[in-house]
Amino acid sequence: MSNPIVTIKNLSVTYPNGHHALEDVSVNLKSGSICGLVGVNGAGKSTLFKAMMGFVKPTAGNVSIDGMSVRNALKKNLVSYVPQTEEVDWDFPVLVEDVVMMGRYGHMGFLRRPSKTDHDAVAQALERVNMSEYKKRQIGELSGGQRKRIFVARALAQGGNIILLDEPFTGVDIKTEDSLIDLFQSLVAEGRLILVATHNLGSVPSFCDEVILINKTLLAYGSVETTFTQDNLSKAFGGMLRHHQLIGADLHDDEDARGVTVLTDDERPLVLYGEEGGKKIVRTPKRKKADKT
Amino acid sequence: MIDLLLEPFTYNYMFKAIWVCALVGGVCAFLSSYLMLKGWSLMGDALAHSIVPGVALAYLLALPYAVGAFFTGILAALSMAIVKQKTKLREDAIIGLVFTTFFAIGLLIVSINPTAVNIQAIILGNILAISDYDIAQVVIISFICLFVLLLKWKDLVAVFFDENHARSIGLPVNALKITFFTLLSAATVAALQTVGACLVIAMVVTPGATAYLLTDRFGRLITISVLLGSLTSALGAYASYFLDANPGGLIVTLQTLIFLAAFFFAPKYGLLKVRKTIAKKVGA
Amino acid sequence: MIDTLLALITEPLAHEFMQRALLVSILIGTVCSIFSCFLVLKGWSLMGDAVSHAVLPGLALAFVIGIPLSIGAFIAGLFCALATGYIKDNSRVKEDAVMGIVFSGLFALGLVMLTKIETDVHLLHVLFGNILGISSQDVIEAGTIAILCSLIMLIKRRDFMLYCFDPAHASVIGLRVRFLHFGLLILLALTIVSSLKAAGIILVISMLIAPGATGFMLTKSFDRMLIIAMSVSIFSCITGTLMSFHLDVATAPLIVVIQAALFIMAVFVGRQTQGMKEVSYGT
């Protein structure tokens, strides 16, 4: 049993324009797991991240990380953040290795002159995301998937124990998505906590251990098996999902009463198969974990 | 007392200044309703500075100033378009680069023959000493602008709100956009005479933004904005008689004060009201 | 031949006012070019526009109170930046519109004040600069501020660069983002104040954009962009000052025009040119 390292207690966020983005959200996240943060666009996923990093001030409640305030946790480089890529200026005159090196600034001295350790950490991080050969490219000269990987490498170089990823799979091809998921799993195996915001339902059961479903308030939180059910998802997505259901006789030529439910918004569909018309989850087999010794 | 208040109207030049300012202020305010919603506010500033070399040359060569202004305005807009197409620079950098360069060229022209052009009049406005020839140009420009705006204001709303939708219902989107920018540069050219190049930006932004804090309906927004623009301009010119200060400065100071009042006290979007609603919601 | 070339340079420098002009133009050219790299990348080019226009009421007020004009100008410029931020955060008006409203309002106020108050502030000199009439006192004042700002910017360039590139990340790794944000604004206001006497409030905007834009066109590394910007700016300041003497035209506008010409050249040979860009796309 690992102890919680991120504690979110009764968190509410109201933006200055009066918009309530989050209301009374409480969760405890523990290390060594991948947690999916699932909700429709505008549900407050990014806002929750911003609150966890202190970019927005909670109107009520608080976030603590490893028992510390957010501010102190950031100073200790405990948290790494991979932004939604749309928010980055791709024409900025920095090379791939410069960007990854920025992850190390918190470890450097006043002048931010990189030491050997820093150079090594950058090389390693690039190696892990398979981007070493691109290190002299200007960041705009990369494909969508490569750009994502660079920002993951930056988070790795920083060495935080908690990694927050905001929609890492949007605009990424399946191959990169799979290799990112493999990478996440090996990182979690090393005892990190990874929180992934996504509205991409299909892949959630295949790589997450836990899910948080939100829509302004916390709808459900728990392990994927017990929480990622059709009922909960309908709550989270309302009418936003395309919903196809094939039950019993429609699906089988025999007496089998089980059914298939396919839920999809735009990307990977979520397939639920089993009793009650597939309302309970039959978990897609988890990908192989990185070899544990 | 009444006599004193009416005194400015007994002077022909004051009377002219007041109504010309009101006219130009109204036209600029009309355009400001659109401009400030699109994030193009600084375009107004850029155009106003870019036309300085044209105006200087026109005065040097004794041509109508509006012709020179238009010519360099179009040249500046073209330069921005070309630099934008050729480089990956941010838009604000391109705008800033082009307008300051044009402005510098204007100053160079003036510095070659400093006595022929009153540069201060171009930069800070010269409405109290404006010639009838210049008034004629300002009035023609303003009426054309008003005419086009009154005809097409709804089409422009559609285009600015949702370009794709406008296109789908068959509006000539590009033509309307070009029309808008032509009107904007025309209004800038007119406003140059009343408040000068440095303050044109206020005329084409502030009244619209103030109205935006007061209403949610576009038709009403335009009405409020035009009223504000005209009244403040007339009042500023009028007050300059008593205060003996630069009319452009007075007009814009007035507009800014009214904006600040709306910012704090507007019934729905004012700071005080918003603060109160947040406090109430959080408390509940 | 070489003698005549040399004479073109030495002749203006025989005059003391030309020596001062050259020195001060190089100093402010340097600090402005360093800043331009950050402003161009951060999308703050028009912040320079706003802050510089807004110094006007500060000059008038400082004169009335009897404090050094630079301090008044600095406070007014900074006030403009802060007020813009505050109004933007607390209303539904877009940032660019707020910026326009605030700086034009301040400029107008300054204009009214200057026409009402008897000051020794010469309006045209504030607007367009007066580099040939600069005193040794002015050179020392502008030079000190310029050198100080340049040093701070160069020493902390990596932090500022990260802040411009990705403020969220800067905050996540524990940099003090508010500190960087306000630091940048304060240094910007100082830079503008130091350039006022020489370049005036309108042309300084150009000096705060053009060199950085030129550097941006020519390289993909930030440090090299800084070096190019500084070289371009210093070169323009020297040639502009000397040429203005021979051609008998205004100095600051000529410097700006030379910088623009260099930028245009860079557009045609630069890496960031769109055509070139397509070629370098790989996967």
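The letters A, B and C name the chains in turn, as written, and every chain counts its residues from 1.
By our rule, contacts are C-beta pairs under 8 Å (C-beta built on N, C-alpha and C of every residue); 3 or more make two chains touch, one makes a residue touch a chain.
Everything numeric here is computed off the predicted structure, so don't read it as measured data.
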| request: If we define chain centres by averaging CA atoms, which chain lands farthest from chain C? Would you check? | output: A
| task | Looking only at C-beta pairs in contact, point me to the busier pair out of A-B and B-C. | result | B-C
| task | Could you tell me the distance, in whole angstrom, between the mean C-alpha positions of chain A and chain C? | result | 42
| field | For chain A paired with chain B, centre-to-centre distance based on mean C-alpha positions, whole Å | value | 48
| query | What is the distance, in whole Å, between the centres of chain B and chain C, each centre taken as the mean of its C-alpha atoms? | reply | 26
| Which chain A residues reach two or more other chains? | 16-17, 91, 140
| remark: In chain C, the residues touching two or more other chains are 41, 43, 90, 92, 216, 272, 277
| said: Quick check: what residues of chain B touch more than one other chain, meaning two or more? | reply: 88, 274
| Can you list the residues on chain C that touch chain B in the complex? | 39-41, 43-46, 48-49, 53, 87, 90-102, 104-105, 107-112, 115-116, 123-124, 127-128, 202-203, 205-206, 209-210, 212-213, 216-217, 249-250, 252-254, 256-257, 260, 263, 267, 270, 272-274, 277
| message | Looking at the complex, which residues from chain A come into contact with chain C? | response | 16-17, 53-55, 74-77, 79-81, 83, 87-89, 91-95, 98-99, 102-103, 105-106, 111-112, 137-138, 140-141, 143, 146, 154, 158
| said: Going by the contact rule set out above, which residues of chain B touch chain A in the complex? | reply: 88, 274, 277-278, 281-282
| Partner chain C, residues of chain B touching it in the complex | 35-37, 39-42, 44-45, 49, 83, 85-90, 92-93, 95-97, 100-101, 103-108, 110-112, 119-120, 123-124, 198-199, 201-202, 205-206, 208-209, 212-213, 243-246, 248-253, 255-257, 259, 263, 269, 271, 274
| Within the complex, which stretch of chain C touches chain A? | 41, 43, 89-90, 92, 155, 158-159, 161-162, 164-166, 168-175, 216, 219-222, 224-225, 272, 277, 280-283
